[in-house]
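Below is one structure, written out as structure tokens; the observations come after it.
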Amino acid sequence: MEKKQFKKTLAVAQNVLNECIRHKILNILFIFAIAIIGGNFIIKELSPGAEHRTLIDAGYVNIEIFGFLALLFSIFIITYEEFEMRNIWITLTKPISRTTYFLGKFLGICLILFLNISIMFFLLMLLALLNGINLNINYLLIIASIFLELVVAIAFTLLFTVISSNLITGMIFSFFLFLIGHLTEHLKILINKEGTTPILKIILYIIYYLMPNLSLFNLKDKVYSIEGLFPFDYILKILIYASLYSVICLIISSLVFKKKEI
Amino acid sequence: MFNNFFISIQEKRNIMSKYNFWLLILSIILFIFSLILIQSDNFYKLNFKEFSFSEIKQNPFYVIFSSMCGFKILVSDFLWMDIIQYIGDRNNAKTNYKELYPKTMNLITIDPNFTYAYLAVSGILMFELKEIDKAIELIKKGIENNPKYWQLNLYLAAYTYSKGGNIKMAVHNIEIAVIQEGHPPMLERILGNMYVKLSEIEKPYKDFWMEKAKNLWWYMYHHPLEELNKKYAEEHLKKYGFMKYN
Amino acid sequence: MLAIETRNLSKIYISGHFWNKRKTVAFKNINLKVKQNQVYGLLGLNGAGKTTLMKILLGLIFPTEGEAFILGKKVSDIEVRKNIAYLPEMPYFPKYLTPLEILDFYGRLYEIEYKKRKEKINTSLELVGLYNKRNVKLKEFSKGMLQRVGIAQLLINDPKLLFLDEPTYGLDPLATKEMRSIILMLKKSGKTIFLSSHQITEVQQICDKIGILHNGSIINEEKVSNIKGSLENYFIKKINLQPSTAGVIYR
């Protein structure tokens, strides 16, 4: 990418970041997330013998849920202001291509997500240390995989908001795809079942490859079943998968956005 | 290579549109390739198994919910809290906590690596509810799902010994436990003592058990987990003539 | 080189379902020529297609047929936008940003270097009387103040061509007077201004030339100096000479 285009992408990303950080809804959501993570301190008391486990598990799940909600809200805020309040009219008449603008928006939302997740993760690790839990690099790899999963979620949410005529519809599709993405791996049961016809198998395979396989990023469910650290080559493979899926969504989104009438 | 002076910006943008198209095609091809690469990964093959829905008898809701959002371990944590509540409710004592075993089976079906559940519930089944067979079955399931978790082998040793005084079975399980990393040093000393006891009980196989004891003590002497183990090993090696006194 | 040129420009909207599509013609075969250093006023009734035409010229929507050029380049050319600026009707800005931040953002999009950008932003804010409120969040601004921020963002890149859509809409008389003086100042400095408005009296005071968009075409273009009497009467007379449908709807 040209240096100038990259600078403009950064400008848009910074704009998105500033707008979302100061937005009340996101701030309330963030405070709520922190409170819930802090509340895990109490929840763990209900789980004698597995207190450490419960604290960490609930913490990661909270980070994932609130991370997803934060990205949904961020995209809603930005897109609503763009289209409903016609904020985008002035911006797109400046010397910036729609692709650059779109990439800047994607980068901005990723930065917000990174900020949210980092702070929540830091708090969780602080609680873990106070509870005498031995930390290792696996905890960092789990949060990295959650971040990658949510970056994929940002990409397909932006795709839906661009394609659909209604912002709410796009959000709903994204929410359901987030759920379906975790079930994709279980499609294999149907594919390998004896009674499945070849045509159905082909359809299921197409769905399996089309849907984002979010269960690949689910390292938090595997942390107790492995010995030692998560293998780095697997982490690299899911990083490549997340990057490619996001790139595909972004290319399609930018192609649609280029032709969209504002 | 293009010379920038002779390409107008508009032409550059036309090239970029075609570039986007080919980038999309390339990304899709690489994406499918990356998915195939992941599926051939060992970690993936070992850990990303399909969930057998038929295994859940009591509550398919937990299975579906945990799968849908990827919160398997959190659901199992909540199931554990449910078991704790169940045990804590005195009313359930009237039915001899009959739901304890099915609830635990649900939990370990969702999360086979919840090791504390195997230990705690099997202990309750064994020593409080006197359901020895269920306790042993539960611990065996735990070992099957967590072969490197030495505590499970230790518990099985204790249960099999309690059930019928089967010291040989206890020894077998402790032998498995001492191979695992993180086992307590004391376990090696206990095993040594059990070998000596067996050599006294099974006189025809005395040499066999003493040979095992000797090998264990030499290992403890050369690779002690703590100083006490080395002292113990030295003491016993000298006592039984495997080491000369200075 | 013309500031704005359209060649057989048409816009047809397609709406409805797959089996029941409807076409709405916004305008057809518009051949508009706007010279440089001119203030051109586009007049028309509500729904005539003024904003649609402006959005096509700005690249926000795409023509069904024909071509449009601004400053000799196609409207799809992004580089030409360095020399244009746009103020929509009732401009809206991200409410949690400050004027300084939003102008800095636009300045970065114009590739203006930091020092120069800072200077231009301060000058623009002083000109519109918002320098003291440069760090106040935009959500606290009134409609008139937002309009002034809109004017400030028009000026930071020193454009050759400005597009103003209803620049005095919703403003009180004092604000309207201020807006008029700014437009006249820009006119004096040799800028080309393309504006659309319902405020006929304002148009008569500001514009050099007017065009009337009605029934999907430009039915009349005339220099304001050639119009005798009030522009309002002239406009109504021209409109009344045409059939009374606004837009053409057919299946």
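For reference, chains read A, B and C in written order, and residue numbers begin at 1 within each chain.
In the analysis below, a residue touches a chain if its C-beta (ideal position, glycine included) is under 8 Å from a C-beta of that chain, and two chains touch if they have at least 3 such contacts.
On a predicted model such as this, the values are computed, not experimentally measured, just so you know.
K.L.:
Most central chain by CA mean?
P.N.:
Central chain: A.
K.L.:
Counting only C-beta pairs in contact, which chains form the busiest pair?
P.N.:
A-B
K.L.:
From the centre of chain C, which other chain's Cα mean sits the farthest off?
P.N.:
B
K.L.:
Go ahead and note the Å separation of the Cα centroids belonging to chain A and chain C.
P.N.:
About 39 Å, centre to centre.
K.L.:
Round to the nearest whole Å and give the separation of the Cα centres of chain B and chain C.
P.N.:
Between these chains, centre-to-centre, one finds 71 Å.
K.L.:
Once you find the CA centre of chain A and the CA centre of chain B, what distance in Å lies between them?
P.N.:
Centres of chain A and chain B (C-alpha means) sit 31 Å apart.
K.L.:
What are the residues of chain B that contact at least two other chains?
P.N.:
13
K.L.:
Give the residues of chain A that touch two or more other chains, as numbers and ranges in rising order.
P.N.:
Those would be 97.
K.L.:
Could you list which residues of chain C touch at least two other chains?
P.N.:
In chain C, residues 78-79 touch at least two other chains, as defined above.
K.L.:
Mind pulling up the chain B residues that touch chain A in the complex?
P.N.:
My answer: residues 13, 20, 23-24, 27-28, 30-32, 34-35, 37-38, 41-44, 47-48, 50-51, 53, 67-74, 77, 80-81, 84, 111-117, 120, 148.
K.L.:
Enumerate the contact residues on chain C facing chain A in the complex.
P.N.:
Interface residues on the chain C side: 55, 58-62, 78-82, 84-88, 91-97, 101, 105-106, 108-111, 137, 150, 153, 163.
K.L.:
Residues of chain A touching chain C in their complex?
P.N.:
4, 7-8, 11-12, 14-15, 18-19, 22-23, 81, 85-87, 89-97, 259, 261-262
K.L.:
In the complex, go through chain A and note every residue touching chain B.
P.N.:
Residues 46-50, 53-54, 57-58, 61, 64, 97, 99, 179, 182-183, 185-186, 188-189, 192, 209, 213-216, 218, 220-227, 230-231, 233-234, 237-238, 240-241, 244-245, 247-248, 251-252, 254-255.
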